[in-house]
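Each of the next two complexes has chain A plus one other chain: chain B in the first, chain C in the second.
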Partner chain A sequence: MAANSWPEQTKLINTRIPRLDGIAKASGKAKYPSDERPDGMLFGVVLYSLHPHARIKSLDTTVAEKMAGVKAIEVIAGPGKIVRYHGDDIAIVAAETEEQARDAVRAIKVEYEILPHAATELQAMAANAPEVVKGGNVRKGRAQITGKPDDAFAKADGMIEAAYSVPVVTHVCLETHGLTARWDDKNHITAWASTQAVTATANELAESNEIPVSNVTVLTEVMGGGFGSKFGADIWGTSAARLSKKVNGRPVKIFLDRIQEHLAGGNRPSASAKIKLAGTKDGKITAMVAQTHGTGGVARGAQFPLPYVYSIANFSREHSDVFVNGGNARAMRAPGHPEGCIIMESAIDDLAAKLGLDPVEIRKANLAPADFRTKIYLDEIAIGAELIGWKQNFKPRGTQKGIMRRGLGLALHQWGGGGANDKQVSCTISSDSTIELKSATQDIGTGIRTVLAIIAAEVFGLKPTDIKSNIGNSTFPPGQSSGGSTTTPSMSPPCYNACLEARDELFKKIAPSLPGSPSATDLSLADGQLLIKGQPAMSFKDACRKIGMNSISTLGKSSPGLASNGVGGVQFVDVTVDTETGVVKLNKIVAVQDSGLIIDKLTWESQVLGGVIGGLNYGMFEERIVDPTSGRMLNPDMELYQLAGASDIPEIIVHAYEPADQKKRGVIGIGEPPTIGTAAAIGNAVSNAIGVRVTHWPMTPMNVLNALAQEGKA
Partner chain B sequence: MRDNASSLNSSNRRDFLRGSGVAAATAVLTQTAQVGMDEASAEALAAQDVAVQSGSMKITLQVNGQSMTSEVEPRSTLLDVLRHRLDVTGPKRVCDRSSCGACTILINGQSVYSCTTLAVAAQGKEIRTLESFDTGPKSVAHAFHQNDGLMCGYCTPGFVTACQALLEKNPNPTLEEVKKGLDGNICRCGTYVGVIQAALDAAKAIKV
Partner chain C sequence: MKAFEYVGAKSVDQAVKALTSGSAAMAGGTDLINRMKDYVTSPDRVVYLNDVKELAGISGDSGTGLTILSGTRLSDLLANDSIKKSYPALWQTASEVGTPQIRNMATIGGNLMQHPRCWYYRSGFGLIPKSSDGKHMLREGDNRYASIFMTDGDALYAHPSSLAIPLIALGAKATLIGPDGERTMDVAELYKVPTSNTESPFASRPGEILKSVSVPAAAGKNGSFEARHKQAHDWPLVMASASLTFSGDTVSDARVVVYGVAPLPWRSKAAEEAIKGKSVTLDSARAAGSAAAEGAKPLSMNGYKVAMLKTVITRTLCVTVGNRYWEV
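Entry: the complex of A and B
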């Protein structure tokens, strides 16, 4: 019978357990999709546009086709087609070596008719701007209005009017987008794909090649990062399969180069807001008016939640998506939330400064009374304030005069993170005592492989390393795509049920052959032993021998009560700013995070730390820089596109908020929440230190000095 | 930044320049702080009569104690030869231009970015990749595993190798020395806290 709660007492669940594939990864022996070299593999290299907007007048592959090693060419944008951004795909060459494929790409002759471009938001929003898409570059969403904001502004004790913005950033997956595809025979494809969704990738390959999805096997044993940008085969994957077909099934490998990865592999949209916020002198926010916009390149997707976290009775908001000649946005870790958090948390902080209120107190005063998260937030704020030393160290904005100024800031965030209830996990017990789990989910680094093994080991009284936790194969029982913090809450319940059912079946099957013919309900498992009425009777291995020839196999489904959704979380940041150079030094970050029942505290903590460091990058370093004149991205690399290194990491304190009532909620995902608030909290800490708002992210010396100069204080 | 090209500054750099063509050589050497000097010497060589090779050639590399032979082009990077021709796929290709360290290997004991080292320049040298490192209870790999100093794991080979190189040179690193020793590597999942602790733990374990 399916379970509706997790066990009260656990030996493994909620402890710190190293991930199963840790040594394989740390020894270089784990084979990533980009490491696979099936026999006869060809290398595919993509020709992409250097122009932000152009019509292909002609495309000549005749020279390229005859070059040494070249086996096939796939044209994506032929004559008459329009390329819409720097990095847009034109053609792909498959050759014996990568060097040969690159040479051939260079030998493809393309004549372009250069079209006027709008590669930045400023260009796209200008009067008479060239149209990126038909129907205009600025798409207004429906205005939201709640209450009577105008009346509320008239009655407010104080208000702020401000503008904040944060640029487009890219995912920078270390393993670039791509896959290696092979036609096994006339009707079957195998693909080794770097994906967050083996199932969706299989579907896409099947559909684009017109074969049944049951004839496609997508394999993702491990993969090198996705962050929301790898939910399908993409044009590169489907092209690899088409090219493989052209060369009689020889495998074709296409993984993007680093430049195109930045340009076309997805990005988080920008966000800009003009915002007014009004409140009473005791800190109750009474009204908000906001006009916001952002760009997702040639796609929509720049919407973000606002108001965010806080309850505001009267507000109006208009949002526009701005199209530019840039690579299209894709979901990126907590889509929309980091942007909404930056805008909301900046405004509330500035209002607190205007009203002379403590930033902690104004936040507490504006939580939604009826929201279950409010109590959680209040607890978390108290814990975080203590850990950062708020009482001792906080000084109101503008009270510091030295060159080096220290500041504190905070931000609240929230996320859903619930699971799907239609996923399955199979559990097979063999007579040699092998326990194998299978599901078509995949591990993008979050540790789901290990989480499933921990659950199984808990049920069978074994060690997680005793469990074969097999995922990353699209032909396994339906598993969850790794996105939106949904993997663990989707996969843990069916895994638990599969294991419970397999265990019960084992008991039923072997009970009659045990000494004293106990009933199945007399049996239990612990520490690698079978127990009869609580007394160790034989090893688990010996018990499994009694299964006989046929293994036990179950298919676990989800059941209510094991997973939940909806988390809060708060982060505090302590910085020192050099007001002469604009350099921000992070002293300390505190992350207090709830997420229901934590299965593996070690990998959970890694996720929170990783989220914080992702947010640190967003707050301090990251920016896609586009040259307005050429319309090209200027920093599609890993030096001018800056990311934190070891020396940039401050002390980070992670506090798991998990009183008993949290554990009772069941499993909730943790991938997104901890990355949301960090950049906002950093901005608030910097503004607290220097006495003025830095209105544009990230907190680079240039943006900090600009803010100081604007206020006439530099 | 770590000194990644120092292994190239040995006695046969002149031979290497002859064999591989000045343009390619310049590309390799520009990764270090010695850019100016190397460009000047490359220009001097260009003025001389330098043979430029093209096409492909057979070379033998000493990788993890084994002799491995492969057909390569003069421009083929050591990383690409290891990964694409010799099936040594531990080192990863990420930035492909000496920024991120995922391709880090050891050449004659020195940590090197293999994505900007030419394969032909590595002939006759001792190449070690992390596949050859100890993975036992006193190893760097073990410390990464225990501290969860990895998530997706794609940067991990580079960090493990950089850590190994650091500890071989400095068995007692301070926290600051560990950070500096790993500053040539970038992780996107954000595993630095575990990585740094792993380096400190490995240093202790190896001494015991």
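Entry: the complex of A and C
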């Protein structure tokens, strides 16, 4: 019988349990897809465009083909094709060594007809701009309007008019995009892929190579980050498979180099907003008018939610997607939300300053009364305020003098995070007491392998390390792609059901052969023991010996009541700003996060920490910088594309909000929510410290000093 | 990178002989290897200097002056008590270079002879990046990290060596060795400003390598201050070093050198003149900072460096006399 609730009393679920593969990952023993070196492997290197916009006039591979070690070349953009951004794919060389492939790539002769480009938003939005796509670079969305904003502005006690913007950032996956593909025979492909979707990757490889998906095995034992940008095989993966076929099945490895990873591996769109916000003396926001735009490169996708979190009766908004000659956006950890959060939370903070209100109080006054999150937010704000020391340390904006100024800021966020209900996990118990779980999901970092083992160990009265938790194989029972914070809520219910069913079958099978012929319902499992009517009778191992030749195998499906969706969350930030250098120092970040029942508190906390660190990079450091003249990205590296080092990361306090009614909601995903609010809260803390709004992210010395100079306070 | 011939030199003589046209000398490799990977520098031959024992080590002391051989690692420089005690300007600057891993590999010679970090240069557009229609890409483009002095010229990048700053402030000399023997010059004279992409930004002649730098006996007080974005692994945005001699409380002589504002280590004569004859107070230091900024001509995006320059000069002078006023 499928369960519809989690057990009230647990030994493992909701405790802190280390990742099963933690030591292997931390010690370097874990083999990532890009570490795989199947016998006979060739290295594939991509030739990509240095031009932001050009037509390929001719492409000559004859010299490259004859070079030492070169085995095959695949042309992606041949004569007549147009490349649309710095980093757009042209051809791939497979050779015996990476160096040989790189040399051969440089020997491919390409003649370009350079076309005019619009690589920055400024260029793309200018009159007579070169068209990135037919039909114009600026695509206006449908205007939204609710209530009567104009009337509301007229009656308001105060209003602000402001502009905020945040640049394009890239995913910077530590393991770049790619896979190694091998034709095992003329009908079968094996691929070691760095992906957050083994199933979708297998489908793509099957389709592009015209073989049944059952003949494709995609393996992702572990992987080095995706953040939303690795949902398929990509052109690099399908090319690796085609190249492998050309060389009689020798495996071909194509993983992007760091440069192309920045250029073509995906990015989070920019966001700019011109905004008017009005409110009453007591802090009720009455109206909002916003004009927003952003760019997802040559693709759309720059839309973001606004108003965000707060309930505003009268608002209007116009949004435009701007096309530029730049790599296309891909989903990035909570797509749209960090941008919407920055715009909304900046505006509400500025309005609070204008009206002389406490930033905490104005937020509390504008939560949606009908939203179930409102009570949660109120609790979380109280907890976070306490942890950051709001009462003792908060000083209203503009009241500080001195060179070093300390500021506090906060931001609220929300996310869905529910699961799919059509996923499965198999559970097999063998007579040697092996318990094996299988599912075609993969661990993008959430700890799902460990989470499944914890659930099984809970059911069987064992330790998580006793469970063989197998994921990352597309031939396993259908598992969830890791996106939208859906993995844990999708996979935990079928895992729990598979284990319960296997346990019950075990009881049924062995009960007759047990002393005293108890009924199956007299049996239970705890601490590695089989219990009969609550009394330890034999070890689990001995009990399993009675299974006999045929192991017990079940396929668990989802059932209602075990997972839910919809979370809030609040973050507080404490900064010190050096007003003479513009340098921002993060002192402390507090993240208060709800998410239903937490299976593993340790991997949960690690998810929240990772989210906060991603968010602080967005708030403090990251920016894709594009040269207008050449249309090229100037910082496709990890030096001038800045990211926090260890000493840039402050004390981070993670607080799990989980009163009893949260636990009753069941499992909810947590990958995305904790990365949403950090950058917004940092911006608010900086503005609180220095007394003026820094309107452009990230909080670099340049942007901070410019904001101070603008206000004549530098 | 382009395939190259490798010579593992065991002596200065071998190294100099091996450095024929088209060769590059490599010490720690923390700059050269990256340039080679990015095809910014593609030598036919790499001459490896790390095994040349006569190029590593520090001799002398603060009383007589120090000689630091060019192959000395930054980590060894930081372990030298005499430098820490008597040349805090140099020690502090070295301590802020890169990461511990980089400081374990990088040498003082490599730091002084590194190529600019300018992203146009590193993207393959040269030190004077111009488009086919003659537009100066750095002037027209993203120049947030570029110079604010000498911007009437075409070399707009910021000079990359932070160690050159305290060395010049301390009056250090550099000795080059090459096919024609040794020659010694002020550290500042190691550098020149190219007027085209075929010109070198260094005064060294083909085949010459940096052998050593000599720092004169310590006199007066010296110090450095760096403004940077990240606390971990980052380049200075603006930094400065000062070396001051006193008569009583009054500055009798001053050398003030700045990083991040010009295509050369920028000697701020204006700051020097402003602080001479005065005791170093917050007010006199601020006046020197303001004087230093006079004549700055920032580009479209780096006006913030003017404000930063004032602060960095002020703090450098204050730090030199032990006043960390901003920390209170």
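By our rule, the second predicted complex is superposed on the first by the 714 of 714 C-alpha atoms of A that agree within 3 Å, B and C clash if a C-alpha of one lies under 4 Å from a C-alpha of the other, contacts with A are read in each partner's own complex, and residues count from 1 in each chain.
Methods note: a residue touches a chain if its C-beta (ideal position, glycine included) is under 8 Å from a C-beta of that chain, and two chains touch if they have at least 3 such contacts.
Computed from a predicted model, the values in this text were never measured in an experiment.
The partner that reaches more residues of chain A, of the two candidates chain B and chain C, is B. In the overlay built on the shared chain, the residue A:G225 is in contact with chain B alone; chain C does not reach it. Judged by the touch definition given at the top, the superposed model places A:A709 against chain C, while chain B stays out of reach.
Of the two partner chains, chain B is the only one touched by A:G445; chain C is not. Of the two partner chains, chain C is the only one touched by A:D578; chain B is not.
After overlaying the two complexes on the shared chain, residue contacts for A:S311 are found with neither chain B nor chain C.
Of the two partner chains, chain C is the only one that A:F621 touches; chain B does not reach it. When the shared chain is aligned, chain C comes close enough to touch A:R632, but chain B does not.
Once the two complexes are overlaid on the shared chain, A:A646 sits against chain B and chain C alike. Chain A residues 99, 639, 644-647 lie at the interface with chain B in one structure and with chain C in the other. Taken together, the chain A residues at the contact with chain B in this complex read 18-19, 21-23, 25-32, 34-35, 37, 43, 97-99, 172-175, 222-225, 227, 257-258, 444-447, 602-603, 605-607, 609-614, 616, 637-639, 643-647, 649, 652.
The part of chain C that touches chain A in the complex is made up of residues 3, 99, 117, 119-120, 123, 125, 131, 135, 137, 140-142, 144, 227-234, 237, 301-304, 307-308, 311-312, 314-315, 325-327.
Across the complex, chain A is touched by residues 73, 75-76, 80, 83-84, 87, 89-97, 99-100, 102, 129-131, 133, 135, 140-142, 144-146, 148-157, 160, 178-180, 182-196 of chain B.
The touching residues of chain A, when paired with chain C in their complex, are 99, 103, 403-404, 578, 580-583, 585, 621, 625-630, 632, 634-635, 639-640, 642, 644-648, 700-702, 705-706, 709, 714.
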